[in-house]
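Please find the structures below.
You will see chain A twice below: alongside chain B first, and alongside chain C after that.
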Partner chain A sequence: MGTLMASTEASVEATSKPIEHRFSPYDFNGGTVAAVAGPDYVVVAADTRLSSGYEIKSRHVTKLHALTNQCILASAGCKTDVDQLRSVLDIRGKMYQHNHRKPMQTPSVAQMLSVTLYGKRFFPYYAFNVLAGMDAAGVGAVYSYDAIGSFERTGYSAAGSGQAYVIPFLDNVIGNRNRLEEKPVLAAQEVVELLKDAFLSAGERDIYTGDQVEIMVVTKDGIQTQTFALKAD
Partner chain B sequence: MSMFGMEPLVIGDDILDIGSRKAVDRYCGNKAQIGLSQDLLMGRPGAFDVPNVKDPALYCSSHFRSTCGTGDAGQEIKFAKGTTTLAFKFNGGIIVSVDSRATQGNYISSQTVKKVIEMNPYLLGTMAGGAADCSYWERRLNLQCRMYELRNGRRITVAAASKLLAGTMASYRGYGLSMGTMITGWDETGPQLYYVDDDGTRLKGKMFSVGSGSTFAYGVLDNYYREDLTLEEAIDLGKRAIYHATHRDAASGGINNLYHVTKDGWVKIHAIDVNDMHYEFEEEKRNEMSS
Partner chain C sequence: MGDSAYSFSLTTFSRTGKLLQIEYALNAVANGRTALGICAQDGVVIATDKKLPSVLVDSEHVQKIETITPKAGFCYAGVGPDYRVLVKRSRKSSQSYLSEYGEVQPVHQLVTDTASTMQEYTQRGGVRPFGISLLVAGLDSDGKPALFQVDPSGSYFGWNATAIGKNYVSAKNFLEKRWTEDMELEDAIHTALLTLREGFEGEMTAHNIEVGIVKKDGEFQVLQPNQIQDYLDEAN
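For the complex of A and B:
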């Protein structure tokens, strides 16, 4: 009903002023990503739908990218910017490995991502990132970013079109907000189930989220991937 | 790379910039001598990419602002911002008190942002305006302060540090950066407080409040500020001013982080949730009413 009312108002507006059509270098390709950090693991999840406007371009495109075997970058936004960002980070990661003879640690990747994003402050990457990995002490780390590199380490994070549906759920269940019981310590498998629930709910109300969820669990032994089907509507 | 006189010792990331259009540096004389077109230049690290339009500054300031309130309503990408920060000098040093909320449009992107940037044990910077702009440039300032210390064998003064930052901001004027920061510390001239802005403004002062909630904070500060406050009174004032600002400003909230700058460096005093403060002050009001 909300959309019907808006269109009648819009059609009156449409004839009263000229509309400027201009090339935009950005396209929003939709999707949601989320990550939760634990005492010795981190779980990252992302849907696999790629959209443009009202079209679904593909149902099987990954939003997760492993930068090292202990660190995953999850990005939603404009796919071409995300691809370029991943390329640049991979190159920088390889150079670091050649220069220092070891892979980059997650806190260093976090800072590198921040300056890479800020390097395009005047023509930003349209990418909303969540970085998840194991820190130097073997504890799970999740970092949330804005488009130009402002970042913060948090216990959990979500980004993309379904962010506003997933975060309140995680605030309550993971962050224990507005709850009176003591905060429980969750195992990796429990967090996986919670994230599946979160994406099911986001998929119900966000048109850009659906098809499939790809879930990666990172521990000190490496990365394990699983997929979970969502509604395709 | 040797034609520019720099011989990198490690594989540098400037090879990523080959073929890209970097912001033009009018003082780079090498380019004129060698006669290379801009497209063939090996990128210079530290120079920013700008959109390939006739007036990049205008494009950036109209499409990529991290401005306060709903000023970025028409933009495709909204950046993290919103805030109340304050700092004031008194006889016992300097109190710096900030909130911790970041907003992106109407969405609260974080309630736990560190808006006091601990640049080094004797210098503090605050963050107001664009979160990425503040954290990037203040981190850069930290690097410059450290280089100064290494080259000159002594710590940089607060006046000099704030001037470096103001100069950087002035050179990016018109590009849509948003930063309102207070640089504070205790150097050989005593406790110092400077306000630095994204258009290059640099003001020395005794009391500043910056951000969307600053007007509310000023109301409380102006009312109760005295130079001869005791430390407890000053901490209480800083705490209350932030509480009142977060109470009335939608873009401010979260946790009040409060620091005290002393001769021996800064000390973090407390991190209190402003909601807990609400109930504490309410209780106080009730007790006052009944007595």
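For the complex of A and C:
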């Protein structure tokens, strides 16, 4: 008798608050992107794993997109929003090229990306972007963004699920933080090796980062791509 | 605005295929005070007659040459109030460009944008064409100087040197003889002043003309009367 009473009370507690089911327009598809700027180059890297929840949807999806042959957009976040954002930027880039008879320079792409993101301030693109390219003076440029278009030119940056593993590493090795030696000038290939190390570490601890890293090196002559294998676990 | 009795265009084709409103607008331009421009190797100069109807008018408050972007400026011949509208609109549009692309709008983009507004007013319902021709002096995105003319129809032309308004025919003949490909901005300014003086009624002084220049790595500026006076003194 007593136990019967107790269970009825418990179920009244559980149903007293309304349970709301909502469709979420966003999904987090994981992954990490990073970029480092040099005196006459810029290196961008991103893993190729696409996840949803605890599932891996694909091991071979790129997060890098060349907007011009001197400028690459690296994005992590919700893949469908990233795809749409790329599409919109491509179209605007084409229109610019039709009107100006030349491709957009990186600083202009940077501004345009910011404006495009803010255009959806009240229903944002779930995209965490890093823009990397050669600036008008032939020097490497990296721009980091938040989801609604706030941006800043920086020497290096990382975004996505493994961001917290990569940035402190780059702070030490590229930014020379907490080091006593003089900051070295690194060649593009050295930076590539550093980014491989960064992604190896991120891949160890971040479940969403792994499978393969795609690395692109941009110089005034164009873009060169290479890949590097990561653990598939 | 465009929904009621005036949703049809006031500029319509004549039987012979002409748009008479545009022709009449060009007449209004040809009645306006002379304006001319010369594109040199290292810069562009535009100049205009600012002769006022009476000595009682305070010339300091009349400005015909206007800066639109740091690298480009306008001058006009024709109906002044129409000019003001275009100046305001072009300034706003070039600010939009700056907000979107983070760079100063190149002169060619400014010209096509302005020309496209002027064309709109020959086709939209309830409006008439602008009664002005514009001279646009500016630098392109790679720093090259350029001079453009934009007409009431919305057509635009790039020029090495040109003149619009009263006496434009004789002014252009004069310029044709004097323009050279390797001309420098200083020569161009002198030539511009000489050309302006040719058709000037009465005495030309630093207060009844306006001159605007943009140098290759510089910004568009309207010259002060004392600067114009220096050039006039040299020319004498």
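Criterion: the second predicted complex is superposed on the first by the 213 of 233 C-alpha atoms of A that agree within 3 Å, B and C clash if a C-alpha of one lies under 4 Å from a C-alpha of the other, contacts with A are read in each partner's own complex, and residues count from 1 in each chain.
Here is the rule we use: contacts are C-beta pairs under 8 Å (C-beta built on N, C-alpha and C of every residue); 3 or more make two chains touch, one makes a residue touch a chain.
What you see is a predicted model, and the numbers here were worked out from it, not measured in a lab.
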| item | value |
| --- | --- |
| Touching partner for A:Q163 - first (chain B), second (chain C), both, neither | first |
| Partner chain(s) touched by A:Y118 [first = chain B, second = chain C, both, neither] | first |
| Which superposed partner A:I56 touches (first chain B, second chain C, both, neither) | neither |
| Which of chain B and chain C A:Q105 touches, first, second, both or neither | second |
| Partner chain in contact with A:L200 - chain B first, chain C second, else both or neither | neither |
| Chain A residues touched - chain C or chain B, whichever exceeds | B |
| Overlapping contact positions on chain A, where the chain C interface meets the chain B interface | 99, 115 |
| In the complex with chain C, residue positions of chain A that touch it | 96, 99-100, 102, 104-105, 107-108, 110-112, 115 |
| For the chain C and chain A complex, residues of the former touching the latter | 99-103, 106, 108-109, 112, 141 |
| Touching residues (chain side chain A, partner chain B) in the complex | 24-26, 28, 88, 91-92, 95, 98-99, 114-115, 117-124, 126, 144, 146-152, 154, 163-164 |
| Footprint of chain A on chain B - complex, ascending | 10-11, 13, 16, 23, 48-51, 56, 60, 64, 66, 76-77, 79-80, 102, 104, 107, 109-110, 112-114, 130-133, 135-136, 175-177 |
